[in-house]
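Letters A, B, C and D mark the chains in the order given here, with residues in each chain numbered from 1 onward.
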Amino acid sequence: MSVSPPPVPASGGPVPTDALADLAAASRILVAQGVVDGFGHVSMRHPAAPDRYFMARSIAPALVTVDDLIEYDLDSNPVNANGRGSFLERFIHGQIYHARPDVNAVVHSHSPSVIPFGLVDVPMQAAFHNAAFLAAGVPVFNIAEKFGATDMLVGNNEKGVALCEVMGDHDVVLMRAHGSAACGPTLQAAVFRAVYTEVNARVLHYTVALGKGAPMAFLSPEEGRLADAVNQTAGMRAWNLWRTQVRAEFGW
Amino acid sequence: MSVSPPPVPASGGPVPTDALADLAAASRILVAQGVVDGFGHVSMRHPAAPDRYFMARSIAPALVTVDDLIEYDLDSNPVNANGRGSFLERFIHGQIYHARPDVNAVVHSHSPSVIPFGLVDVPMQAAFHNAAFLAAGVPVFNIAEKFGATDMLVGNNEKGVALCEVMGDHDVVLMRAHGSAACGPTLQAAVFRAVYTEVNARVLHYTVALGKGAPMAFLSPEEGRLADAVNQTAGMRAWNLWRTQVRAEFGW
Amino acid sequence: MSVSPPPVPASGGPVPTDALADLAAASRILVAQGVVDGFGHVSMRHPAAPDRYFMARSIAPALVTVDDLIEYDLDSNPVNANGRGSFLERFIHGQIYHARPDVNAVVHSHSPSVIPFGLVDVPMQAAFHNAAFLAAGVPVFNIAEKFGATDMLVGNNEKGVALCEVMGDHDVVLMRAHGSAACGPTLQAAVFRAVYTEVNARVLHYTVALGKGAPMAFLSPEEGRLADAVNQTAGMRAWNLWRTQVRAEFGW
Amino acid sequence: MSVSPPPVPASGGPVPTDALADLAAASRILVAQGVVDGFGHVSMRHPAAPDRYFMARSIAPALVTVDDLIEYDLDSNPVNANGRGSFLERFIHGQIYHARPDVNAVVHSHSPSVIPFGLVDVPMQAAFHNAAFLAAGVPVFNIAEKFGATDMLVGNNEKGVALCEVMGDHDVVLMRAHGSAACGPTLQAAVFRAVYTEVNARVLHYTVALGKGAPMAFLSPEEGRLADAVNQTAGMRAWNLWRTQVRAEFGW
């Protein structure tokens, strides 16, 4: 019995060149900030068609250019693959866009400081105002709970749905023995959160070791809400720096 | 009822170009030394008018040039904004200059090694002679004590005053779940202290973990006083290096 | 009584230039990824003659070019030394090729994060999917058990045999107070494993400190098997990045 | 009452240009390897006159060139200062050359990983073969024991003598709340030891945290002796790399 390939979805229409350049730049930024290495990916919802998103073909983040971007529907079928390979874990992105209308960009990464919080029962808390988006809590997705022993990858829509159920309305979800996903209302916000999830994890490692069990005065949820609002405007200073650095290094 | 904007204060008068270039360079130096990232700022009291200070417009420290510098009065009203945006937390600087006539430069930063000392009840001590300025003690400002749940920022003069009350006559003050401020009699001394507060924090993390509760032979206050005097002259070797590096990289 | 030098073995025959360039590039990649410093080496079995292998002359990994590669038999006698010096520890490589027909490349290194797992009785486990190859266990070779007090080096075939006995059919073996060896079916896989052994070690240090004795949800052996299969194909994305970076920096 | 300056000692005679270039390069190497920052210094005994040594004028190590080198006698009086300032702590060097005829080069540094071993009562041990020279033990000099509260600097010959008494015949001595000094029979060996003291300290921090009090299988003194002999020949591979890197970056 032959299985026919899924039908190729229609495009959501053209997107401003600048927006696609920003997405490719985001990939380079995440490398420069130590969030991704040879692995990891960032995506952006189609600005005019909420049921489509853009993401690079299967390639290391440091090599992504605009020409590597593929458009997908929310089941993560490519619109315009043209023979280019897709990331095995694009379903993380498609299903978050499906479950979360408020989210317009997603970063998936395996940064070394963050992974430990998915391995032991110590909650990731917000250690400083730049990481305020973490103060509402950071859930941990253990793929084995629903799927038993796997290759650990969110490699189909069913696993993507399960990830989203654990994520709920949080901005970051940890993935046991794997990594994390960070999302935001804009590409800039998602990148900011991916970067400061990593920085915050480093601060937490220092703090837990220093405190030796003593109380730790992290951001309260209310402080987190108030500080996060500021980050979404004043916090864009960091994006402006990073985008400037990509332009200076690569000319785009 | 309309609220009229505060009157624009008069300038303290012209300042030597070299001094302003040093201030812009200080911003780049703090980036290169890992004290600031996309956030953080350094200011300098007007050399001829003690009731004025200079600080960059709201921009990432790695991008600051002399053209980005704004003059402020000690209530942090800009003298010459010309449409340029100001940092939300300039009140840290203005109020320290108000409270501390001996201080002529201030650095505010959120370096990852330093933040933990504002989260747990472990005092920051001076682990080696270059950090001698810490041996007199490092107080922690918890903004919530006086202001309840906030966005954590020292975003007005009232909060700046409260910070200064906790700081007292120390050279460095930690800010809970936020960062720190370091100051000195000269720009060079303030930058030196910001850098070695960060280095000292890394040494302390190693030391506390290594010692597992055993006694730690930090600098005594008297040793701190004696060593700090040397740092203020011989310690300028580091500034000379850093300033040379900025010149080599940027040509100014 | 004079001892005649061992006879010079015959060459296994010519090897494609690209394969030798990849081996020299692997050496540079291991430097760039922090796996080796002035010391450490990588080798590759002769693609057409399983009883021969290639490895650089005794030189720091960052300086290796194709011209530095020497061919050896599996007793680690050089085929074409032409006066070039050999690494004292080439016997690690030769004996692994002898004992393990499935292995076609070996990396030996002393990276600071990995050494501790050879010093204390804490097993190196697989903290995330990229390190899946560790989930089957990582044995520790203590040279003193069989050889007493030595210079710690695997400096002859007898010590290489002893190392292989401890290694068994694992992909990585730790060496007490010394370093480790990682191997794989291809050069690319061996380099990948050397790099992610180092990254995984860093994750473990964070995790053990964070967990303070609590259970840690590492990869199970079955998860390791499933994830490792993916790494051997999708994982080559990292090699492609690293190889591209060597080409961009050195032109080969 | 006026105090006449000490008489200017005679020079030990000319030194090959290459040797002086190596000494200046050593300074740059120590920066590149993270052993020194804006502070720290390296010296070399005069190859033909054992009662003279060379060391840079008071300048950051990253800026040292051959023109900055000053010749001193073993009381650390400059032979040819010509108005150039001397390091306050040159007495560390002069007194070690006085006390230790076997030593021909000395490095003084304050690297963050090493300082903690002078602050708590945990001995620095040799975690791997490259740090074999530490296996004979590393004493700690506490300047306060003999001199009370000071500026922590070894700023005269009396303090230098006291340091040497604690150092004895060891290759490295730690200085409480300050840093360390490493020495060797050649410039290359002293630099090697300074670098691997720092690397070894990082390995120890990881190991102590990982072991949580369990036994740690460090190098025994006998293993240290055997491995150190190899380092003094094969270990020069690292110096060759570092010297090549200085040549490539600076052209000398």
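The working rule: a residue touches a chain if its C-beta (ideal position, glycine included) is under 8 Å from a C-beta of that chain, and two chains touch if they have at least 3 such contacts.
Small disclaimer: the values here were computed from a predicted structure and weren't measured.
Per the C-alpha superposition, chain A sits rotated 90 degrees relative to chain C, a value rounded to a multiple of 5. Looking at which positions face the partner, chain C and chain D present mostly different ones, since fewer than half of the interface numbers are shared. Note: the chain lying farthest from chain C is B, by mean C-alpha position. Chain geometry summary: the mean Cα position of chain C and that of chain D are 33 Å apart. Taking each chain's centre as the mean of its C-alpha atoms, chain A lies 47 Å from chain D.
Contacts with at least two other chains are made by residues 209 of chain A.
The list of touching chain pairs reads A-B, A-C, B-D, C-D. Within the complex formed with chain D, the residues of chain B that make contact are 126-130, 132, 199, 202-203, 206-207, 209-212, 214-220, 222-223, 226-227, 229-230, 234, 237-242, 244-245.
Looking at the complex, you find that chain C touches chain D at residues 37-39, 58-60, 62-63, 88, 110, 112-113, 115-122, 142, 144, 149-153, 176-179, 204-205, 208-209, 213.
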